[in-house]
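You will see two complexes here that share subunit A, one where it goes with subunit B and one where it goes with subunit C.
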Partner chain A sequence: MVKRQLSAEALPRLLEAIRRSDTRLVAPVVENGLRVFRPVEHVEEIVLDEGNTAWSFKEFLFPRTEPLFHYRFDGPRTELTEPEPPEGDTVILGARPCDAAGLAVLDRVYAWDYDNRYYRERRERATIIALSCAAPDPACFCTAVGLSPTGTRGSDVLLTKINGAYLAEASTEKGERFLATYGEVFTGQEPDKTEATRAAEARIQRPGPVAVDPEAPVEKLFGHPAWTDAGQRCLGCGACAFVCPTCHCFDIVDEGDARGGSRCKNWDSCGFALFTVHTSGHNPRADQPSRARQRVLHKLRYIPERFGVVACVGCGRCARTCPAGVDIYETAGALNSPME
Partner chain B sequence: MEATYEPKIVALVCNWCTYTGADLAGTSRTQYASNVRIIKLPCTGRISPMFVLRALAQGADGVLVSGCHPGDCHYTAGNYHARRKFTVLRELLLFLGIEPERVQFSWVSAAEGKKWADVVNAVVADVRKLGPRKAAWGEPVGTAQPVVLGGSLPDGSDRTDQSDSAQARALRAKARELLESGAVNVVVGYQAGSLPGLMRAVFVTDPARVDQLEWNADCRQNLSVYLTRDAVKKLGKIGLVVKACDVKSVVGLIQENQVAREDVVLIGMACRGVQVDGAPAARCAACDGKGLELADHVIGEGAPEPMADPRLEEIARLDAMSPEERWNFWQAQFAQCLRCYACRAACPMCACDRCLAEKTQPAWIPGTIDGRGNLTWHAARALHLAGRCVDCGACIAACPANIRLDLLNLKMAMVVRDRFGYVPGLDPEATPALASFHETDAQEFIR
Partner chain C sequence: MNLAIAARPEPICGSETMLPVPVRILDMHPENFNTRTVQVQIVDEGLRQRYRWVPGQFNMIYVPGIGEAAISISSDPDQHEAVGHTIRLVGSVTRAIERIGKGGMVGLRGPFGRGWPLDRLHSGDVILIGGGIGLAPLRPVVYWLLKHRDRFRRVMLLFGCRTPEDRLFVPELEKWDEDPRIDTLVTVDNATGEWVGPVGVVTKLLQRIRINADRTTAFVCGPRMLNRAAAWSLEQLNVRSERVFISLERNMNCGFGQCGHCQYGSKFVCKDGPVFALSEIADIFAKEEV
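Let's turn to the complex of A and B:
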């Protein structure tokens, strides 16, 4: 791991240098009263130090919608064309360690039994410059899933603010290249982040652990009363999935008319009734409790089992966003309490 | 270039009058502009506003909707119903920033071949003058800069301190009484959620657990949404904790036969307004507490003094903008939409088993999460809620992207009130405005 220091005064210079390069700079800005990641044109727009963004930056790697190909009917022939190439080199700056850690899940899912080139091409060209979190809020629980407000998982470079300057830790080759490319703004000193980590972790109010016993029989988990509780309350929207840094499900639809159109890959959510409905009309997850169960077990049991990584990063967004007050931290807690 | 611009106009016409009138124009060798593509339908009553949205989405420069004169409908009243729908559609499109000349309406009888030719010529001339659409459906004109409207809350609207523990105690006592007597099987009320400032639904079936029920200014959610949910319905007869605004949506559900009045016991809470992020909710300023008298039990007393609704300033600002500015305002709003459908999920009036947005043959609402799909979704939802939305605020409270759905729905409510004299949610016996008509409904916008 390569470590450098970035002074507070040098940060705007770094941002400006990235903006001027051929690289697209994506960072948190305030738009319409919301803090969200957007491609940045003026570095003054960037708002780094507030809490977390309304939703994660995943849309820059896994867009809300993207064409897989375009089609055009030409008499008896159907002409197919490639989609527009993905955006070029991108620096995603200011991601919180929880969101960056979400990439560990997306990377595994999208390179599992099928190489999702649409994701891979964007991912390969993205450099994640994360920023340690100094002020976890009451919904945050990253430490409960084994992460940290100053953790490096998923980031190429992690910046941690220490006494007014930033420690820059490169944990990947891409990160080292980044530090080398913008070498003139960094200095060689390496402040210690132990105290910053301790202070941030001490502010987390939800100790957890958030985990599902890997040995517990699934059929027993299925019958847990926690699903009824969450499922009764759950209204069946997709807000939790769409703000989540690790939710990765999509739907594929054709958008077009009699002359042609595009086959599009769109975000989808297991909270929707339509998600599992069969052509016959049968729906294996026929009610909201079974959909609530799927969301939680997928994150805390099935993905850990398959990929060895917990698919919840403890960012707390789903709990903050849910219009019905469903909270994965609480549901996981109920799951771990002894069943009658 | 301008000389060669030929607008494409989609004409949606009824089979019996206008189509026959157009036929007459043809057989009479009456010349008229060849810019219209006619689509024949059985009746204007069959012309869904979605057809107009689809034509615009697919790039039509203008749309003309035409049918039988009032009183001439071959199905008695199809055109009267259509007139109400088109009134609302037209106002929605204006509010979204579509120039009024692009979507026009006419009555043309089978005998009026000449009138058809004149109407088509006039519409084509209007649209030709406007020129091509400045932006595709769902895309801004140029680069849309987000506009923050921000109406100011009236003085004294900060009356949301509801930490009245006596009211919460009285609520728990009433809930216990209802559960113990068997008058209800479950009380659906508010409990403290897992995060500060967040209240949520609780389903109390055991009289010993009424202590879970809470009441304060964070009780924003409209719990009547649970009246139509299978997971809750199966708990038995529901006692529902409601604010005055929530009662209005229960009335709406009764009007639309989604809920039977005798199947629900309404526990009304006297309310001085709820808060969002610690500030009074704008929608609460104008509340007069009406609706609570329809509840079976009222807990607490006193109705708020209605004040100026700060959102009216915002709507006035939008109305005063050019169509292009308004269009850009909405495109910037809808650009944030993730299509999570939290607005629909939280809305008590969105009670359909299967939403139009979930239908794929045809897919009236593109599922794709982009400007085109998002604009169609929000336009369709605003149309479906016109004359039904009671301004309970559930959709904006639910929206993770802070989209100003309240302005859209409030504007439609104002149109329905001003044009048809109808305010939803007040009378369980009333026929909803868009399910009825009056022969004398204004039609100054119809040629």
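Let's turn to the complex of A and C:
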């Protein structure tokens, strides 16, 4: 791991240098009152406040909607054409360690056997410059899933503010290249982040653990009353999936008119009633509790079993966003307390 | 994870880009009032030569502007010029395929999934149990079994559907009925017209045959309740769950185990299945709303 230091005064110079390069800079800005990741025109727009953004940056690797190909009707002929190539090199700056850690899930699912070209091309060209979290809020629980507000998993470079300057830790080759490219703004010191880590972790109010016993028989998990409680409150709006840094399900639909259109890959959610419905009308997950169960077991049981990584990063967004107060932290807690 | 995976051809169409390859509808044969067998030919000759599949695999058939549907392959795996798909006209895609008709073009991605474990039939007895359109992915197995008939002992096909009019592949069912190499039994839920054969659910046919549990392998494909009833009947007859194979149905979008729609516990039906050994899914097979 290569470590450097970045003074607080040098940070704007770094942002400006990235913006002036051929690389697209994506960072948190305020849009309609929400702090979200957007391509940046002027570095003054960037808001690196404490706390987390409303949405993670996943939409820059896995867009809300993207064409897989286009179709055009031309008399009796139909022409299919490949989509435009994705955006070029991108620096995503200001992601929290929880969001960066979420990439471990997307990386595995989108390459577990077949290569998802649409994701990979963006992923390869993206450098993730994460920013340690000094002030986790009451919904946060990253330490409950084995992560840390100053953890390096998933980031190429992690910046941690220590006594007015930033420690820059490059944990990948991409990160080392980044430090070399912008070498003139960094200095050679290596401040110690132990105290920053301790202080940030001490502010987390939800210790967990958030986990499902990998040995617990599925038939026992299925009958748990926690699903009824979460499912009866759930409105099926899908907001939890859209704000989640690891939710990766997508729908594929034709969007167009009588002349043609695009076959689009769109965000989807297992919380939606139609997610599993068959053409016959039969729906294997016919009620909301069964969908609540799928969401939690997918993250805490199925993906760990399949891909060796827990698919919840403790960012707390689903709990903060849910209009009905469904909270994966509480659901997982209920699951782990003994049943009546 | 213990997923006993038999050799299976990988998709050659659109595995990189999700772009379907053009195929021409060579023939559309009516099986009954709402079911058609559609023979399609991959237009690109190079791709056609490379395209291979095994019984139990499926393709995604695409109609531009309408959508895509996962359809089992129902033709003879040794026949490479065209690929057969038996469709029931219930959704927007299958209806559009019928409208396009013979001579028209659709898109194809595939083949997807893990097929029937033909390599595990050894020299034992084989029972095929199909319900309704579930007979479609079993037909290639029948072709294959009859071609390699001396490798097995008894071969039995049990088929059930709602009424005699709902039967598919009727000329072939009649031919197999007279073929001494395969015992064919057909039952219907409701005997209409001149039907004089068995009446009742397909699992009742199991009472008409002698099962030698030690050497029997069963392939099952039908609606959910039939799959369960067949699995439990076979269990009561002491057929081991490692030797009962079931082809499952789920809503599918991508075919690559990524879009999440066909998640079945920790498995993806499109990729780990659609054919599973009962022993692989025993913990969730009896569950509702997986």
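What we mean here is this: the second predicted complex is superposed on the first by the 340 of 340 C-alpha atoms of A that agree within 3 Å, B and C clash if a C-alpha of one lies under 4 Å from a C-alpha of the other, contacts with A are read in each partner's own complex, and residues count from 1 in each chain.
Heads up, the rule we're going with is that a residue touches a chain if its C-beta (ideal position, glycine included) is under 8 Å from a C-beta of that chain, and two chains touch if they have at least 3 such contacts.
These figures come from a predicted structure and were not determined experimentally.
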Partner chain in contact with A:E330 - subunit B first, subunit C second, else both or neither: first
Touching partner for A:D287 - first (subunit B), second (subunit C), both, neither: both
First, second, both or neither for A:P207, with subunit B first and subunit C second: neither
Touching partner for A:Y302 - first (subunit B), second (subunit C), both, neither: second
Which superposed partner A:R117 touches (first subunit B, second subunit C, both, neither): second
Which superposed partner A:V253 touches (first subunit B, second subunit C, both, neither): both
Partner chain in contact with A:W55 - subunit B first, subunit C second, else both or neither: first
Subunit B/subunit C common contact set on subunit A: 251, 253, 287
Subunit B partner contacts - residues on subunit A that touch it in the complex: 31-34, 36, 54-55, 64-65, 138-139, 228, 231-233, 235-239, 241-243, 251, 253, 255, 257, 264, 266-267, 269, 272, 274, 287-289, 319-321, 323-327, 329-330
Of all residues in subunit A, those that touch subunit C in their complex: 68-69, 71, 73, 78, 80, 82, 109-110, 112-118, 217-219, 222, 248-254, 256, 258, 260-261, 263, 265, 268, 270, 275-280, 282, 284-287, 290, 293-294, 298, 301-303, 305-306
Residue ranges of subunit B in contact with subunit A within the complex: 58, 146, 148, 193-196, 198-201, 203, 221, 225, 229-232, 332-333, 336, 338-342, 344-346, 358, 360, 363, 366-370, 373, 394, 397-398, 400-402
Residue ranges of subunit C touching subunit A (in the complex, touch as defined): 1, 15-20, 22, 64-69, 90-91, 94, 105, 107, 224, 249-251, 253-254, 256-261, 263, 265-266, 271, 283-284, 287-290
